[in-house]
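First subunit A sits with subunit B, and in the next complex the same chain sits with subunit C.
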Partner chain A sequence: MVTLYLAQIVNSGLALGAVYGIMALGFSLIYNSSRLINFAQGELLLLGGLTLFSLSQAAHLGPLTALLAAGGCGYLLGRLLFATTLGLSINASPLRQLMLTVAASLCWQGVAILVWGKNPLLLPQLLPIPELRAGPIFLSRDTATALTLAVCSVLVLSLILGYTRIGRAIRAVSMNAVAARLQGVNPTTCRALSFAMAGALGALAAMAVGPQTMLRYDMGLGIGLKGFVAATIGGYTSLWKVFFGGLALGALEAVLVLVFSGELKETVTYALLILLLILAPHAGGHGERS
Partner chain B sequence: MVKRGVLTFLCILLFALPAFAAEEPILIGGLFAESGPAAFVGTPSRLVAEMTVKQINDAGGVLGRPIKLVIYDTESKPDVALRMARQLVESDHVLAIIGPTSTGSGMAVKKYAEEKNVPVIMTVGGDPVIAGGKYGPYAWTFKTPQRTSTAVRKVYEYLKAHDVKKVALMTAKDAFGQDGLDHLKSLAPEFGLEVAAEETFDPKGSDFSAQAFKLGTEKPQAVIIWTIGPAGAIAAKNFASLPGDKPLVVECHGQPGPEFLELAGPAAEGVIMPGTKLMAPDSLPAGDPQKAVVEKFVKDYSENGIQAKFPLNTHSGYAYDALILLQAGLEKAGKADPAALRDALQQLTGVPGVSGVFTITPEDHNGLSTDSLIMLLVKDGAFTPAK
Partner chain C sequence: MKPRNYRKAVILFFLVLAALGFVLPSYQLLAFNQHLFLAINVLALNFCLGLGGQISLAQGAFAGLGAYGSVILHGFFPGASPLIVPVCAGGAFLAAALLSLPMERLGEGFLAMATLGVSLIFTNLILTFDGLTGGSAGLMVSAPLVIPGVGEVSGDREYFLLFLGLLALGAYVFLSLRKSRLGRALQACKDDPPAASSCGVNRPMVRALAFGLGAALSALSGVLYGHYSGFISPEQYGLELSLMALLFLVIGGPGNLMRPILAALVLETALGQMHFLGDARTLCNGLLLGAALLLGYWRESKGKPLLPGL
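== the complex of A and B ==
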């Protein structure tokens, strides 16, 4: 019985944890490049997923086209978000920038209601990843897909940031924007790009979460905040730490739900956020990316 | 002088006109949830009610008078439903009310209608509106959807016939789910069933795999999910993705409809649920008293363009039945008077509607038995009668 429970905790913890991990990566990217908590991160997931849903209804999407479509949609949504929030207020006070992302989140939610309605929509499983079984460990199809997407996202992202010119530029801006500018890096381009990459990550997270919990207009805020908690646990600076922050949060939620009850989950998650913010107020605050 | 004469003539004409008009219409109030969470049931109910009234009027009306519906939106909120009921009774002076849509609104309207002695034929799912006892008297309140206990009995009859002994229950934490849980638990012994485990869930949630897993560890032969809306499809999905042996998944009578099939996708295969005969009109035998009514309703539903906007589901016929009962009651009463209408409604026997054949008594203000439901099985992405 205990092994059964443990196996289920691993299965459902990893399924949502992987999604939180991807969301947390997006948070960290934007936070590091722009010192901004992006409250519209969940809406990037929502609209990315819904657009993908419409595409999958209109045409048959193979695994590769689905990934490219998700990346492309997310990229464009990220650029749009940047153009309508931070791009307009690059010199404004951080509070104003923050409020702009909150406003954007609500606007995008409204768009989702107007275009796709209030009923949940089931995003089909677009990647042909089978379920995995190894002894007592069982990973359902949803979990395996979410985990694969998440690990690949971290790998690709760390390659981009570590080994490409533009990746180095983004890291330079996140360490010291003024110094980077003196070296000929355009910080605005880098920030726009980090929004776009966060958008692509959001759409990939939608591919992971859509088949699990369906897509509904009001899911953005909740899942975005979970991403924020995960990023705070991970400390914003290292991609892998942030990603494992997501997995840890997912596992914690699975334990709470399975051993206690579903009500406790939200309360404990957000209580944890309060604790983290009080105990480590500078978690990543002076974030030097390693 | 001439001008004045013309004016006088016009005035006389104006006041005299109503007397020349056809018989004055019978005013009936309509309360439907056209916005809010129950709108997916309320909005098509309104369209069905309007369609039905038009049909009744085209056929000569009732007691030689046309019916006129005065419709308000309850916004799926009990307080709004009550306010609108007051308006219908006190300023529009309606004879009777059709609706509202959800159980919570129904309870709010019922209390008022009982005080004011206004007959109300509700289209709500929950039993409390006509349960009496601690829920208050129901002398003026009727409802067309099957009782929860009727649906539970239908499910249990099926399970008993298929040698199921051990069930698990998964019910929503709202009034509808609670009502289901009460009846599921109290009726289980009667059918020789053991309730091995029970879990509840938030019907607005998006993932119930934890509850599904916990119920699965008790190894029940069947699990019964009691909720309306998308949560039922999510729960079916969660059970389908459990590893190992899966129990038979049974949904409640609020689920049959295209939305369930769409949302649950492949997980819907093999799920069974009780539904009205509306969900499998082709399978009705020629002798079924409802066959003609159901077939005509399905045809009218699509010809009036409602099918295109709100594909037929198990709730579609309840507003139609409410109006058919009202018509039969008025004809039996012979006059448009609330008390006479109420008394006549209580004596209706064998009125064939879309949801069943109604036989109402002063004790039973619903009048449907388990015969009015059929068990449906999802097979190849469509509802078929379960064997």
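== the complex of A and C ==
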């Protein structure tokens, strides 16, 4: 009985935790390159997923085409988000940039309502990944897909950031934009690219979360905030830590659901967020930059 | 405008609104009261964003705190309004100030996320303790608001005057605060936080005060609105209220007194007429907010060098 409970916690915790992990990666990418908290992160997932839904209705998507389509739409959505928020206000005060992402989040949600309606839509499972059984551990198809997607995105992302020229440029900008500029790196390009990568990650997260919880016009803020909590747990600096922050958050939620039947789940999660923000001395915790 | 003329204009504005309240038929006051409720919340957000430069997405939660607190307490002690209303306002003030004290040093983005968390925590708590709060089904208001010497308050016109009075009170406090020592300290915190600290401003404390004052004003508006509508539910005091308050404050310009209030009243009336918008309302709000932000930015940056430091 206890092992069954534990197996269920592991299964559902990993399924959502992987999604939070991917969202958290997008958050930290944008935060590190632009020092901006992106309120529209959840809407990147929402619109990416909805576009993918329409594509899968219009044509048969194989696994590879689905991945390419998700990456492509996400990339374009991220570029669009950059062009309409930070790209227009690169020298504005951080508060104004932040509120612009709030405005973008409202606009995108409005578009989702107008185009796809207010009913939840079920994104079909697009990747042929089987369920896994190893002794007491059981991973359902959704969980296995989410985990695979998440681990692959962390791997690909760390390869890009660590070994390519443009990845190194992005890291240089996140360390010191002025110095990077003096070395011939264009910070704006790098920031736009980090938005685009966050968008692609959002679309991949939608592929993982769509079959689990369906896509609804008002899911963006909630899931974006969960990704933010995960990024805060992970500390924004290392890709793997941020990803494991997501897994930890997913596991915590699963435990809360099983122990307290999930009623106070949100309260505990967000209270944890506020506590972490106040207590943890990470880079953003002391927000005064000159 | 000279300060004296400005004050005269403000007083005139409130007199005209009060006169409107006596002239208009009471069914039209229904919509007007809702707009006034929103305008009070815009003013409340102005205390922390306009004066102190701190964003808050928890304004709806504080209004809800007032509404739920007052309705539940009135259920236990009907007729004790003179005690309950100050308790609600004071409770919201304390809760907000205590929340704001440790969060002050978070900086814009993290503070916004934390207050968003506060707002979602409030909704979740209301939904969880459904024995007390009615949960998602909402709560019928059992006892009316009682003003000593006047009696029970009911009817659109009476509530219109109360809403207007609260707005005027908030405006008075805002104006006197802006000119006071505390207001200048807040202005310093907004313009340059490190410089303010090094001049001896106790930054967490002054900002907590502004945050608390805004929350108390929101809570009072929530008390009125809860008893006025006769029914309270979590959606009325959710994130949407906070976002709308932010929208109109940004359109009017944070730190100004009358322009955000006018923006809320005029635009909300105009948008209320446009039923054809329907589902496009969210998109419209987003576009309005974005346009206001960008216009403000372009106006500010006119004449400045394109890159700071060059």
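By our rule, the second predicted complex is superposed on the first by the 280 of 290 C-alpha atoms of A that agree within 3 Å, B and C clash if a C-alpha of one lies under 4 Å from a C-alpha of the other, contacts with A are read in each partner's own complex, and residues count from 1 in each chain.
Definition applied: a residue touches a chain if its C-beta (ideal position, glycine included) is under 8 Å from a C-beta of that chain, and two chains touch if they have at least 3 such contacts.
Since the model is a prediction, treat every value here as computed from it, not as a measurement.
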In the superposition on subunit A, see if there is space for subunit B and subunit C together, and answer fit or clash. fit
When the two structures are overlaid on chain A, which partner does A:Tyr270 contact: first (subunit B), second (subunit C), both, or neither? second
With the two structures laid over each other on chain A, which partner does A:Leu122 touch: subunit B (first), subunit C (second), both, or neither? first
For the combined three-chain view, what is the angle at the C-alpha centre of subunit A formed with the C-alpha centres of subunit B and subunit C, to the nearest 10°? 70
Examine A:Gln8 and indicate which partner it touches, taking first as subunit B and second as subunit C; both and neither are also allowed. first
For the three-chain arrangement built by superposition, which of subunit B and subunit C touches the greater number of subunit A residues? C
Is A:Arg141 touching anything from subunit B or subunit C once the two structures are fitted on A? First, second, both or neither. first
In the superposed arrangement, does A:Met219 touch subunit B (first), subunit C (second), both or neither? first
Between subunit B and subunit C, once the two complexes are placed on the common chain, what is the minimum CA to CA distance in Å? 7
Sites on subunit B touched by subunit A in the complex: 40, 201-202, 205-207, 209-211, 213-214, 217, 230, 233-234, 241, 243, 259, 262-263, 265
Help me check something: in the complex, which residues belonging to subunit C touch subunit A? 53, 55, 102-103, 105-114, 116-118, 120-121, 123-125, 127-128, 193-194, 239, 243, 246, 250, 279-287, 289-290, 293-294, 296-297, 300-301, 306-308
Which bits of subunit A are touching subunit C when the two form their complex? 31, 35-37, 39, 84, 88-89, 91-92, 94-96, 98-100, 102-111, 113-114, 118, 221-222, 225, 228, 263-267, 270-271, 273-274, 277-278, 284-290
Please name which positions on subunit A make contact with subunit B in the complex. 1, 4-5, 7-8, 11-12, 16, 119-120, 122, 124, 133, 138, 140-142, 212-214, 216, 219, 254, 257-258, 262
